[in-house]
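Shared chain: chain A. Partners: chain B in the first complex, chain C in the second.
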Partner chain A sequence: MIHKINLYDVTLRDGSHAISHQLSISQVDEYTKAIDTTGVYAIEVGHGNGLGASSVLVGQSQLSDEILIKTAKNNLQHTKLGIHVIPGFATIKKDIEKALSWGVDIVRVASHCTEADITERHLGYVREKGKEAYGLLMMSHMASPEILLDEAIKMQTYGAEAIVILDSAGSYLPDDVKARITLLSQNLNVPVGFHAHNNLGLGISNSLVAIEAGAQIIDGATKGFGAGAGNAQMEVLAAVLQKMNYKTNVDLYRLLDVADLVEKDLIKEPITISSLSIVSAIAGVFSGFSKHVKRIAKEFNVDPRDIFMELGKQKVVAGQEDTIIDIALKLQKRI
Partner chain B sequence: MLTLTEKDISNLEKLKNKAILITGGSGFIGTWLIQLLIWLNDKYHFNVKLYLIARHATGALDTFIDSRQDIIFIQDDIRNIREFPKDIVYIIHAASSPDNRIYMSNPIESMNIITDGTKNTMENALLLEKLEKIVHLSSGQIYGTLDSHNITENDFGKLNCNSITAIYPEAKRYAETLVNAYRSLHKLPIVQVRPFSFIGPFMSLNKPWAINSFIRDVLKTKNIRILGNGKPIRSYMYPTDMALWILNMLANGKNGAAYNLGSDMGISLEEVALKIKNIVGSSVSIETLNMNDDCSEFVPNIDYARRELGLDIAVHIDDALLKSIQWFEKNLV
Partner chain C sequence: MKFKVAILGTGNIGTDLLIKISRSPYLQCTLFAGRNLSSKGMLKAMSLGITLSDRGIDAILENPECCDLVFDATSASSHKIHAPILKQLNKIVIDLTPAKLGLFTIPAVNLDEALKYDNLNMITCGGQASIPIAYAISKVVSSIEYIELVSTIASKSAGPGTRANIDEYIETTEKALSHFTGAQNVKVIINLNPAQPSIDMNTTIYLKINNPDMDLISSEIKKMVVIIQSYVPGYFLALEPVYDNGLVILSIKVQGLGDYLPKYAGNLDIINSAAIALAEEFAKNKEVCL
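Entry: the complex of A and B
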């Protein structure tokens, strides 16, 4: 049976990484007005690392969570409003309670792929408030399919109504996606989703593999506007799915109009697969590290590719950006 | 609280003037057993002395333990108890939580409470000279992946012991086997009871089960979200029936027997949602998300308890939902 595919738009959240979290009110306003007419299931807004994450460590947002969420909500009649929550950055009392009061419909609670335990209270709270709660497993390439399944079952048990696995480093090959999505969709009672990054040019094709393997929620970003090499380009994905007769509820022309709008007003530099993005995927490091790596490599006069390879050896994850300087220093001394 | 017939009372005569131990007295089942037993004491002069063992006096239990002479609360972990009070005649071993969030997050500890807690209960029971019966509360989950609306006590499905979902049912299967080993070797008088699903007061609506979520969501947001297609069939027993059945199994259950405990009236999740809507009112919306094709059935056959012990369902699903919603409307924080 071919299920309906829910397209989940991360442009105004993952794309925040691409512009160092400097979204403006007019950009959010224009984009959300336009996306609401397209039939896309949900759109996410926020700092790249999610609710409550604006900080010196991972970058400060131009806009507060409150302004981002309220501006978006004000324009959304049809498309649901989602937020990304990493426990630790976001706390229930300080952040989630307020975000729900501002009109958030979907809370996607994310953890590193082997640490689903930390999502229990957050998922439980969101369910208790009657909102949609998803569980997200980040950096999922760092766990075997079997371990991912265990962690996904935990999130499902805590109340997650969907489980999305994130290829945060853009390092999956099609077979990696197939193995994981197949195992999850065959063993979970809730829908499975996939979030691609395009470091190896596989964002669309990996998303298709995920759908064929049973995924029902696919993340995308218009013009691929996301961290590093970007995400699966949503308007391309919508076109491919239309051609393959999948039901998405999306009006393709309207979505293409939104993509043109993004190209004109949102993107300063086109999202491309840079050499560094390819290296970060090979190293298995989160694409969001790119800007920091480039800056620090320049400062310490070392090869950023070497930094990425070393970060990969150390198996770093988002939130450990301060490791970059340590590595740059060591590399500098070696030189 | 509930109306008992003359037959109900006479069936429980054996418990009069006896000391009963409930392990895990602060849980949902323990709370209802205590409610029923103190009702029998107050209304029907049963003169039961009630020992409770629990790690914490939570919820409703907290309101009883200081005010009642017939309840002796022993605050301890069942694994640490070295000796039970000598006058105990009956034991209901209910220590362990079926909340799958707990055994997902603390799998080793959760298994250990069941395995070592059960072993310690049996070891202590061996020293009781007046002991007449132990009810071991197992779980309907030991039947594994059965897809049936007619699960008898002899039907066993698969359990994948390499899955994290097997933590609780595997531990409960082990506990049943262990308890039977004590019966075989030491001739302990044991009845196995396998609870299925319940709905009623004192239950936490935060438990990750569909019917609990439906009631919580309808009371908080007037919107019921059915994730799948609403077709899975389950059944729900009201806790007054549950408590009465357990006491009957304690008093009259056959040594060595296993009894299913639950309702055999299967109902789809969609029908449950509609019934809840009908009770709460037309302002309630039901959203069926159709995100899976699950049409599974998991309903016990309870003919054995009906036939052997003369038990039956007194509270049907409509009344169970009405009473539950009325209670949660007043008590939902």
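Entry: the complex of A and C
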């Protein structure tokens, strides 16, 4: 069945990880002006870990949430504006309430894949305020398809109008994606989405598998600009979908123009699949850890691959970046 | 004679308190009150032969002589209703919800001050684990530009109340952290980790301090750890303070006693152990008065 696909652009959110959350006003301004003409369904802006996440744990933003959101909102007439929210980092009173007043259209409330019940109040609040609320299950490779479905159903009950599963570690094989998206799209009453990371070079193909299994929302990033090895490269995805006759509303030429702009103005070093990204996928660790692991490994003179493997063994979740230094110190003592 | 205490709320916190109280040489639980006589906590209390009630606060209203002190382990919204009633009845109240009505209390920091008040708020588990350390450091440095607390607890140790109150957890901990350290710029983060076997509660503290005297800071931290261990035996320094990237960083782990929930529930243990240390101090004080 050929259905319509909504492309959801995470370049200015997931890409923040790639530049240690140092987006500038002019980058946000230029990018949002350009993306608004492409037909992309929605664009997300913010710190890599979302609203209210600027911290020494995961990195401090150059710009406040307020400036990021207002700058983006000012340029968007056609493309909706989304934000990423992780309860535990952001609260309704300190963060979500304000973000809605600055004009956010979509709030994607995310939890670790087995902890959906911490999103209940935040999803409820967003619905109550009449905005679009999505439920996101992060690090979804750490749960079986059945558990993922249970958690997705909880989010649907709390009011989520779409459920997106994130391959935060970029570790899915095509069959993993197929099993999960098939089960979710057959059993949920709301659209299902998929968010890829490209650590194993499967960002585009896993997104296609998700679409064929019933996903209707696909996250992408221009030039793949995202954490670790980056996300599904959005302009490539748009081209593939066009060739396969899927409807996306996207004007491919305009999107390619945006990609050229990003290459020129946003990206200091191209997003590639580094050796370390491959290790992090094998270890099943959140892609956002990559910059921190590199810095700390260098500082304590230990092999960053050993840190990733140990993080994987400890089954850390996004937000446990504080573990890195502890592991580095222990590895250093072992040497 | 032991000091008579009542527990309101029969969830994980209330039930664990009950088990700890049954070992106390100073405290006796004379009422365990909730809403549902067939809850898991109630059944546990029944097996211990405790007086039960499913009438909540009304059970105390009807028999005010039953207790001198009340532990409130319900919810922030319920505590706001309970507090004025218990004040009228002249009860000392130890509040384990994030209602923030009473004095923020950490036994290792302000026990003497607490004895002058009748409503004591126990802040949060992450607050009990980290604020005394941040406080100890704040006493020996000229200023702390910024403090950040990151706690990770085992999924299985977080009951439905904790999960629904994650925003209140952050707001209460941040407020108390500023209150005790004088630092205005603070941030609190909490994670739930589902790994099996369950992890111990971990709290990492980041403090932005210019030119810190690490030897002095380390020795102050170690002194504070010993004080906290006197009422929370499973409390220990997991990452000794390091100076990295302009920040003093250290981590605390807390293992529980394994009373009602298994040992990984250090988060439950630390707030309850702190509450009991406080109640025992009231009990000892009363003995002196008599």
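The definition used in the following text is that the second predicted complex is superposed on the first by the 334 of 335 C-alpha atoms of A that agree within 3 Å, B and C clash if a C-alpha of one lies under 4 Å from a C-alpha of the other, contacts with A are read in each partner's own complex, and residues count from 1 in each chain.
In the analysis below, a residue touches a chain if its C-beta (ideal position, glycine included) is under 8 Å from a C-beta of that chain, and two chains touch if they have at least 3 such contacts.
Worth saying up front: this structure is predicted, and the values here are computed from it rather than measured.
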Which of chain B and chain C A:317 touches, first, second, both or neither: second
First (chain B), second (chain C), both or neither touched by A:270: neither
Which superposed partner A:103 touches (first chain B, second chain C, both, neither): neither
First (chain B), second (chain C), both or neither touched by A:117: both
First, second, both or neither for A:94, with chain B first and chain C second: second
Contacts of A:129 with chain B and chain C, given as first, second, both or neither: first
Shared contact residues on chain A - chain B and chain C: 117, 120
Chain B contact footprint on chain A (complex, rising order): 1, 3-4, 117, 120, 124, 127-130, 132, 149-150, 153-154, 157-159, 161-162, 187, 189-191, 216
Residue ranges of chain A in contact with chain C within the complex: 55-57, 87-89, 91-94, 112, 114-115, 117-118, 120-121, 142, 296, 299, 314-320, 322, 325-326, 329
Chain A contact footprint on chain B (complex, rising order): 100-101, 104-105, 163-165, 206, 208, 213, 216-217, 220-221, 223, 225, 227-228, 289-294
Residues of chain C defined as touching chain A within the complex: 146, 148, 150, 152, 155, 160, 163-164, 166-167, 170-171, 187, 189-195, 199, 202, 204, 206, 208, 238-239, 242, 244-245, 247, 249, 251
